[in-house]
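Structures for review follow.
Shared between the two complexes below is subunit A, which has subunit B as its partner in the first and subunit C in the second.
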Partner chain A sequence: MKNDNKRNGLIINILSLIGFIIFWHVLVALAREQIFNIPFMRLKDVPTPIETWYALVGSMFTRTYGPGLTYGIINHIEASLVRVIQGSALAFIIGVPVGIGIGYSRLIHNILNPIIEIVRNMPPMAWIPLAIFILVSGGSIFIVFIGVVFPIIINTIYGVRSTDSRLIDAARMLGASQAQIVTKVIIPSAFPSIIAGLRIGFGVGWMAIVAAEMVIRSPVGLGYFIWNMGDLGRYAEMVAGMIVIGVIGYFMNISIVLLQKRVIKWVD
Partner chain B sequence: MGRLILKGVSRKFNGFLAVSDVNLEIADGEFVCLLGPSGCGKTTILRLAAGLDAPTEGELFLDSKKIEGVNDECGFVFQEYVLFPWRTVKGNIEFGPEMKGIRKEEREQIALHYIDLVGLKGFENHYPHELSGGMKQRVGIARAYANSPKLLLMDEPFGALDAQTRNLMQGELLRIWQEEHISALFVTHSVDEAVYLADRVMVMSARPGMVKDIFEIDIPRPRVRTSPEANELRDAILKSLGTEIKRAASLK
Partner chain C sequence: MKTLANIILVVIVTALVAGCVDENKTPDQPINLVKMGGQDMVQRLGAGEIDGFIGWEPYPAIAITKGYGKALIYSGDIWDEHPCCVVAYDHDWYKQTENADEILNRMALVQLRSVEYINNAKESSSPDHDDLINYSMVFGGMTDREAAELSLKDVAFVYSPNIPGTEKFISKIMDFNIFDSNKWNQSGYVNASDYANNLITNRYVNWALLNREKDLKSLALKEPATVRYGYLVNDVHELPFYVGWQKGWFTDVGINITLSEGTPFQNGAFQMQKGFKTNAVDIGSLGIPPVIIHRINSNDFAIDDARVGVISGMNNEGSVIVVANNITSLADLKGKTVGFPGPGTIQHVLFLMAAEEAGVKVSY
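== the complex of A and B ==
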């Protein structure tokens, strides 16, 4: 019964994807035959799914890139992923202790909260000019960091604060010191929430990196790739790049969900 | 070892007198049950003895040492188990020794001893969510014992269990208690349970929580739940408790 439902769901998923691709193709084909157009849009310039596919395959199997010949999407994927991972790692290393501090100590909360409340409401994109004009290097990593660190801090605070006070009582009764309560009770208990923060942060970081690479114009990266392809009028590569961005974002999310399931064995 | 004394203990919560002038002495190795209507301050008394809370008036002593701050010479067994969900059975039981900095091999030995004692062999590496209520409570008891407490404080530890498991666990608890010889203060709502377990039963009255009656139970163990002496005591305790429950209800 349950398996049947799962299979039916999967079939509908696949049909829906195929349906969308057909709809896309028909729409562009009609526009090219001048039968139909969406006002204010050059629909005929949109690549068809097949053109997009060829562009993707074409750009997949080359590693050459350079001005005007920015091909080799693998290079761009690699560059963006490395930046997101570096920025997220930095955000994790800084965000988790800060979140624990704020969640645990009223004093630290009172000191840091006003700053965090304002800074976290500046979208990562608002930091791009600063990254360009003031930072010497690592601008895109910095933008990712800004995007990732706040979801991690906020989730860590929440995780720390929602630690069951009875668990803390139990630990105290068993002779745990204040420091041991933090390391042996509060952190493990907040752990699922911290990972959830990382997951949200990764999503934000991925959005931020694409925007940052478009503006910062580092010569490699998916954001740069789609912008440059658009600039060159190679719309098929541009759309292929967009799809790659979506698919990678999706798999990043899935991989953290899998990590959650693997690492957090204690919840059913 | 394990003598608990409460001297004129009161606890007020924002002007509300939850526990008033309780005097109680638990002898070394004695098993005392605390009975009373809901809200009469049983949990409060346990928390005071544990040092998780401080009295507004009066003093508590364990082995003539005044209880101030968390009293980790007590073991606490909670009604809702309160196990560390990210630790296995063994990990939970090892928690106390680990906090004390006992070496890994040694605390493993301690854990295995108590796992054996509470009959959880084969479940060492299970997580709490994989256990039944009765098994979780065994872990809770083993965890308290593994910390070698002088006094065991238990807050309706079997309240969430079905009648059969409950009877079984009572027998097990007595067996472990006799083996380890620790004093115990045990809160329950069940008169039957109190008569089966305790050397002494203290009945409390509500609002404010005070000691109303104390019953000595000198029926030798193992006890037969339906023996005439047990029945007689049960009737007397029920009567004492019944008027309190009625009074507590009329106060609401």
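== the complex of A and C ==
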């Protein structure tokens, strides 16, 4: 019964995707034949799914034309992913200790919380102009860091504060030191929440990297690719790049969920 | 706790490996071309964020007079008399305007008159020199007189369209795979020459040459016509339009210039996509590269909405590779970052030509 439900769900998922692709194609075809258009939109300029597919395949790999290397989508994906991983790793390394400190210590909470409450409400994109001016390089990584670090801090604080006080009391009665209480009780208890923060942060970081690459220019990156293709009127390649971003974001989310299930075995 | 330690270890190792992968991406050390606007080029060279740029006037002149860098190669030394900016009209406007040919004749005549004025006034002994410098400063957004003087020196203002140069440019664009191949096939052009000759006409400049000595007012349209004009922001290459406008020569021939929505445009691609294609611009000045590219790539061939025609030149040459003061050759730029206005621009093509000549690879 459970397997049947799962299979039916999968079939509906696939049919939904196919339906969306057909809807997209029909909408563009009707606009091109001047049968139907949504007011204030130039739907006829939108590439069809088939054109987008060919554009994706055609721009997948790096090619050389004369002295110029034209990076393929694979290189752009790699560059964007590397930046997201670097920014997220930095956010994890800084965000987790800060979150534990704020969650566990009233003093640290009183010192850092007002600053974090203000800064976390500034969207990562608002940092882009500042990143351009204050950083000689690594501006995009910095924007990812800003996007990822606050969800990690907030979730870590929540995780620390949700630790069952009976577990802490029991550890204390058994003679555990403060450090042991933190490392043996609080961190394992907060870990699912920390990973949830990383998952949220990764999503924000992935969105932020695309915006950052459009503004903080580098020769390679998916944001840069989309912007360039738009400038050249290569709309099929541009939409292909957008779809790649969506697909990678989806798989990143799935990967973290799987990681969560694999490493946190003490939580259902 | 072991799990957490393992995860932190994996995170750190991943970050380090990712960093190494990024560092080793360019083993053959090409020059990294990074797209940016003209103002950005100057500021980022001054801040040391880039090691050079290839830009159009006035940005090279501004960077040089501020002491941020020096001219390494003038575009005329890469490609003698290469085409650059032109005057173009929207084909939809042409079809809907009864006396479009009469208007275009007079637009070409004002262009001719302005170019002749500028070329005379460029001489420092000319009585019009001060006025010309003032026009350049206002139109080019410059505050430094020295920069304005310098910005005019390497620009060859012209009125005749450069058809052989355009053919060569189209061939380069094809070599660099910038056209959408499906759209190119739809266009029906058989080669670069066919396309260039379809895009550009000399008929209006020929009419202007026949009437060059006549008083402008004697050639005024019977009924004044209003033209929505589009141009690029601070582009000294388009100075002939500004001179003609300020001198009142368009009014003399019966043309009321109104600036189109979106003017001044940030770049030619934007002017083609948001100006000509949407019928917001009737006539405008912009680089020949966006005209060539977007007439193919952004065009809906069922209705030819991005179709434009070129009636006259604006300038040839007028771009410069500007580099930090410690750079002495293109080879010195290997592994370094250089600003450029974007793929498919004349500056992009010129830089690729210079790199090919110097045996240097370029990534972008």
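Quick note on the criterion: the second predicted complex is superposed on the first by the 257 of 268 C-alpha atoms of A that agree within 3 Å, B and C clash if a C-alpha of one lies under 4 Å from a C-alpha of the other, contacts with A are read in each partner's own complex, and residues count from 1 in each chain.
Just so it is clear, a residue touches a chain if its C-beta (ideal position, glycine included) is under 8 Å from a C-beta of that chain, and two chains touch if they have at least 3 such contacts.
Being a predicted model, the structure only gives us computed values, none of them experimental.
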Which partner, subunit B or subunit C, touches more subunit A residues: C
Subunit B versus subunit C as contact partner of A:Ala236, first or second or both or neither: second
Which superposed partner A:Asp164 touches (first subunit B, second subunit C, both, neither): first
First (subunit B), second (subunit C), both or neither touched by A:Arg106: neither
Touching partner for A:Val136 - first (subunit B), second (subunit C), both, neither: second
Partner chain(s) touched by A:Met173 [first = subunit B, second = subunit C, both, neither]: first
Which superposed partner A:Ser189 touches (first subunit B, second subunit C, both, neither): first
Contacts on subunit A seen with subunit B and repeated with subunit C across the two complexes: 184, 188, 191, 264
Interfacial residue positions of subunit B with respect to subunit A in the complex: 50, 52, 70, 72, 74-76, 78, 80, 82, 84-87, 95-96, 98-100, 127-130, 143-144, 147
In the complex, subunit A residues that touch subunit C: 32, 44-45, 51, 63, 65-71, 75, 78-79, 82-83, 85-86, 89-90, 92-93, 136, 183-184, 187-188, 191, 217-220, 224, 227-228, 231-236, 263-264
Parts of subunit C lying in touch with subunit A, wherever the complex brings them together: 1, 3-4, 7-8, 11-12, 14-15, 18-19, 21-22, 25, 30, 32-36, 48-49, 175-178, 180, 182, 267, 269, 272-273, 293-294, 296-298, 300, 302, 337, 342-344, 352, 355-356, 360-364
Residue ranges of subunit A touching subunit B (in the complex, touch as defined): 164, 166-167, 169-177, 180, 184-185, 188-189, 191, 264-268
